[in-house]
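One structure is given below, encoded as structure tokens.
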Amino acid sequence: MAVLSTPRSAVQLASKGQPLREHLFRIALIASLAIAFVFLLALLSYVLIEGWPRLDSRLWENMPSVRNPDIAGAQSAITGTLWVISITALLTLPTGIAAAIYLEEYADRDRWWNRVIELNIQNLAAIPSIVYGILGLGIIARTFGLGFSVITASITLGLLVLPIVIIASREAIRAVPPSIREGSLALGATQWQTISRQVLPASIPGIATGSILALSRAIGEAAPLLMLGAVSFIRFNPDGVFASYTVLPIQIFNWISQSREGFHILASAAIVILLVILLLMNSAAIWLRNRYQKRW
Amino acid sequence: MPNVTVRGPVAPHTAEALDPVFTVAGLSVFYGEYEAVREVDLTIGNREITAMIGPSGCGKSTVLRCFNRMNDLIPGARAAGKIMYHGEDLYGAHVDPIEVRRRIGMVFQKPNPFPKSIYDNIAYGPRVNGMKGKMDDLVEEALTQAALWDEVKDKLKQNALSLSGGQQQRLCIARAIAVKPEVILMDEPCSALDPIATTKIEDLMQELSRDYTIVIVTHNMQQAARVSNRTAFFTADVDERGERHGRLVEFDETSRIFTNPTDKRTEDYITGRFG
Amino acid sequence: MAPRQSATAPGTPMSLARSRPRHGEQVIKAILLVAALVSVATTIGIVVSLLEPTIRFFGQISAVEFFTSTQWGPLFEPPHYGVLPLVSATLITTGIAIVVAVPLGLGAAVYLSEYARPRVRKICKPVLEVLAGIPTVVFGFFALSFVTPLLRGILPFEIEIFNALCAGLVVGFMIIPIVASLSEDAMTAVPSGLREGSYALGASRMITSLRVVLPAAFSGIVAAVILAISRGAGETMIVYIAGGGQPNFTLDLGKAMQTMAAFIAQAGSGDVPIGTVDYNTIFAVGSLLFVMTFAMNYVSARLVRKYREVYE
Amino acid sequence: GGTNTTPPAGEGTTAATQAAGAELTGQVKIDGSSTVAPLTSAAAEFFAEEQPKINVTVGTSGTGGGFEKFCNGETDVADASRPIKDEEKAACDAKGIKHSQLSVATDALTVVVNKENTWATCLTTDQLRKMWEPAAEGKVTTWKQVDAKFPDEPLKLFGPGTDSGTFDYFTDEINGEEGASRKDYSPSEDDNITVQGVTGSKGGLGYFGFTYFEENADKLKAVEIDSGEGCVAPSVETAQNGTYAPLSRALFVYPSATAAKRPEVAAFLDFFVANINKIATDAQFVPLNAEQEAKLKTDFAALKTQAG
Amino acid sequence: MPNVTVRGPVAPHTAEALDPVFTVAGLSVFYGEYEAVREVDLTIGNREITAMIGPSGCGKSTVLRCFNRMNDLIPGARAAGKIMYHGEDLYGAHVDPIEVRRRIGMVFQKPNPFPKSIYDNIAYGPRVNGMKGKMDDLVEEALTQAALWDEVKDKLKQNALSLSGGQQQRLCIARAIAVKPEVILMDEPCSALDPIATTKIEDLMQELSRDYTIVIVTHNMQQAARVSNRTAFFTADVDERGERHGRLVEFDETSRIFTNPTDKRTEDYITGRFG
């Protein structure tokens, strides 16, 4: 090794040269997060301050009213949201995860039809929600005859967020190192055993993220439901999957477009409720994600 | 102390009289266009230890991975030629690779513990194979055989990824033997082990070879000499186009390979004059 | 330790064919395939709902006018059918959203995955994800009643009360969690051996993040970004409320604009009698949006195949 | 609950008194105009005090969307801010949905400007037309162009989306043809957005329903309209007596004759018609005058006969 | 053929007269609550090869990873005690771990090539360190030194993960020396290598030790004997609570350790009587 003459003498180990660049990079990263947080904070405070006067039990004990904002509540919308979102989760999470498993673990990526499925899923993610509303109205409500019911809404929302679940789950499954699969298969495990006992547990964090994002989207979505008869004025709780229903985003939308100030306050309060429901819904996924997150 | 001299053929076997488990004929393995191994003929005897030696990159792992169809999993990998397992074509249409792997276990060159607890790593194989019996005993037995029990008995619930390199390797050995396969393929099973652990694993191999067939890849000449009945020596030829292809140079009883090799290249390699 | 083959006579081991039938495996595979096909069925459903009215639309309106005229106003008297203002508005607002969401989202993801302590990550990630769950109506009103006045106060140039800039910005913030969360997962999944390899060569955290972790997580990051862009391009309510719903063909970000999705929402939720040209425009625009996103996804899918790094 | 009660047959009595003895169950589905929805919603709310077990749902799919569902047999009552169109009627006939039109309230379309606008207190219909006609597009961009007396302030227009009944009515009355309007204004289905737009621009001008103005009177200024007979400000009185012309209009509901046979629907309609002005006032609509109210009762009686 | 006898101290060094690069005093390393290594004192001499040997799991890798602060990256890992590098506290507050790692290179126990081309793997270090010079030459030089050039020269653009186990290991060695660090830490660098490649790597170490300081972990006694000037022997003690803690048993010139060890445990281990 002629290149090197003497080794460098024992110079200081203190950093030199790049600290500024490193520093700036770090600051830029923190700033990215901070900017997003500031925006969120601004939005939340805006909503919270606006809605504060009406954040009380009337909100979940009373039914909606168009006559008087003081007696109006959102009970039917809250129960409707819980119904719709639970069934959406039940329908879409298993389907999405199953589709992701198929595409990552079974499908031969060189076959054109699998590439078509793949492309198709990405494409579905970009279709505006209102188009799903058209689909839900024409095919699910009318052709399948499910009418303007909870189940129609859940299926429509489920299809709307399905691509999110699939894409996120696929990436999570793909990130599991191949050596883990090899280790399992070499022990005589079947493909499904390998998937269900090694690959899926290892990809739970990513799948949980996908589920969170998907359900978040579904719970806040109003546009397709407007086409699906999530009628804005309902004074009773749904009693089954075929019942009429309304949901919080619709109720919020409706209150926001009311002319009286009192309803705007109510809308903000309902947003807070919606976010609380959202966080409660997601907390299971968040818990799972934190529990299973690991590096190898 | 185990026997560390050349083990020699198990009486009354002779080179030709072996009871074949695998019969390999004209095996070539391709990664895409690249022919990594060319025209290998080989016979693996029942309840024997067969060692595969040769310089790095000559295709030992590649051949080994054909024995339990592990290469099926590498996109673009393809085997030509025949491998018979107890007279049955391993690559035959009706053959179920899962059944193959259930009966032919494998320890990989790079330790690959599952990101689970030590206990679950061992229990995994028996569980997926629907094995009955007390799992705790099974785990203890496998870990003891792989000379790891003492070190981990207090932390069976700890994540296997926090083990040291050598511990991980022994864990993978324990995992493989816990399912009691018919054949065990081991790719450099002692590469990360100290002499003591190596000795224990070699003892284990000797013990297992009473009932099982074992194929090991090793770069440790002494190890091959100590434990194996037969040795296959591979090397990589460079062809006209400058590509390297693995080839089987010589296959014989270990005592013969190490004392009286037929091929000049074998002799050179064994005595360290090669390369 | 009883070897399996001792059950049978030595030398006659069981066949390598399936020892016990594994119908379960096949059934599972079939179920999984069906799940994957749900998405295909959805697309077929959408294409069927879009296609027929679209064909009828182009039977009545010339494709030349549709693609070249710069005036849009199918529901006015006299109607105009130039889709370019909608397309340009969609590209502009989505472009602004990308400019906001991709750097901020990736920055947040790198920070959470490579810099932040586990506790910080555990807290910050769900908080960020709250952004994804706020109803878009709310974003829209926040944009209109808070962000726009704010922008009008600080920007040196004039912007209208309804404008593309604010709509694009807020859409960008809405999709940050998609970029950040999914990319963060992809980066966390990169084996730590790779990071160690880089650090051991004297690479800094920044270099390791940028040159080792990001490339290794490339496929996941691209998936995240594409998902986010798709979401942005298809976003309806924010643009509809804050963007003004006025189909201007302009590059002036301070002006009101109407995106394709916003048009569909506006026309689709209103009073257009079924079967008329007006009604069919909804589907013509929908089809175009479908084709555009399809093209974008096709290109990006090819990119991913090309640059993906497979580890281990 | 008992479903044994037959619908009240007598005229002149309210459903409330009739049904007081027995509780009905069931669902009444209403959908349609977002303008009319607050009125039917308020009715539903009052009705719930009488018949808590009857679930009344009110959707806001817009007048067109409401008729679509109504003629498809999916709803019982359609809210409408304009009369049914011929195509829609045909669709109803094809499905055998018999219906009739009931005028239930009056609305005064109100033209509003920014508080800081000191010049436009009264506008003639011609001036409005100058601003809104298709020919004005891209040309009439300042107030000065509308009237030389006005300042050179940029003119910013806001209004309802093209697919609302309000837009149809306004364009028809002002520009002489339904749907004929300049396109370079900011349209929105949500009147709150129009409020924001006008309050945010000094030269802003917009129009929407009277209720909306009343609620936001502190932020906006209503313009008096001169259709040739002097300036008239929008108000309950001027709308009711028809002097606020041409921008006052009737609002409708269309009950299905078939659905009206169902006791719960009949009970609701009885209640609604009987208490119409109380409900309208409460919901801040312009109530019917005596003459209009009498007509409503006659029309409703006819429907019930038709329903048999 | 390289020298395979015990290398012995480089004249004119003696055990005490060494020019210290690292001075380790009372080093204990914890993984969370668990004390993996206890109270190690050690001195690494300049331009010498120091070998660390001992049974699997005794903490060799752990100690090695302290020398370039690699353990900083493991959540929950923590070092107590002092490590001086050229008289400067390696864990001092002002010390930049990046600068440390830039100057103290490392080859890991499990080969960890980047999922990039072979070329980019080697070029990575020089690039991030802003090294000048013709990159192609640098890559060729490093690969040649690591005895890999011939095997990969035709596929430099190929993904490094498609290399065989031993090739990956040599790639990682080439990657480490390409940045020309002052000290090179090697964790079982030859574990996946055949004797020929091993010999080449050992030759490389000898050559490098003229200018560099080298610390290797090896489980190969002969290798320690062949290449190192000094040897540290570690073992794991079991404490009252049944926990295992790594300890340094003996540290001395290699010739002394292998011919005349002070501690009984060292002798047992070396002669294979241990365990």
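Every chain is named by a letter (A, B, C, D and E) in the order it is written, and numbering of its residues begins at 1.
In the analysis below, a contact is a pair of C-beta atoms (placed from the backbone, for glycine too) under 8 Å apart; a residue touches a chain by one contact, two chains touch by 3 or more.
From a predicted model like this one, the values you see are computed outputs, not experimental measurements.
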If a chain touches chain A and chain D alike, it appears here: C
By count of C-beta pairs in contact, the leading pair of chains: A-C
For chain D paired with chain E, centre-to-centre distance based on mean C-alpha positions, whole Å: 84
Cα-centroid distance, chain A relative to chain E, in whole angstrom: 47
Mean-CA-position distance for chain E and chain B (Å): 28
Per-residue overlap in chain A, given as positions that touch at least 2 other chains: 177-179, 190-191, 226-227, 256, 296
For chain C, residues that touch 2 or more chains besides their own: 22, 191-192, 204-205, 269, 311-312
Junction residues of chain D - those touching two or more other chains: 61, 65, 190
Complex interface listing, chain B residues touching chain A: 68, 70, 73, 98-99, 101-103, 105-106, 108, 110, 112-116, 124-125, 128-129, 159, 161, 172, 175-176, 179, 181
Residues of chain A touching chain B in the complex: 177-191, 193, 197-198, 201-202, 294, 296
For the chain C and chain A complex, residues of the former touching the latter: 22, 24-25, 28-29, 31-33, 35-40, 42-43, 45-46, 49-50, 103-108, 110-112, 115, 122, 124-139, 141-142, 146, 173, 176-178, 180-182, 185-186, 188-192, 204-206, 217, 219-220, 223-224, 226-227, 229-231, 233-237, 260-261, 264-265, 268-269, 282, 286, 289-290, 293-294, 296-298, 300-301, 311-312
Chain E partner contacts - residues on chain C that touch it in the complex: 118, 191-205, 207, 211-212, 215-216, 309-312
Touching residues (chain side chain A, partner chain C) in the complex: 18, 21-22, 25-26, 28-33, 35-37, 39-40, 42-44, 46-47, 94-96, 98-99, 101-103, 106-107, 115-135, 138-139, 159, 162-164, 166-168, 170-172, 174-179, 190-192, 205-206, 209-210, 212-213, 215-217, 219-223, 226-227, 248-249, 252-253, 256, 271, 274-275, 278-279, 282-283, 286, 290, 293, 295-296
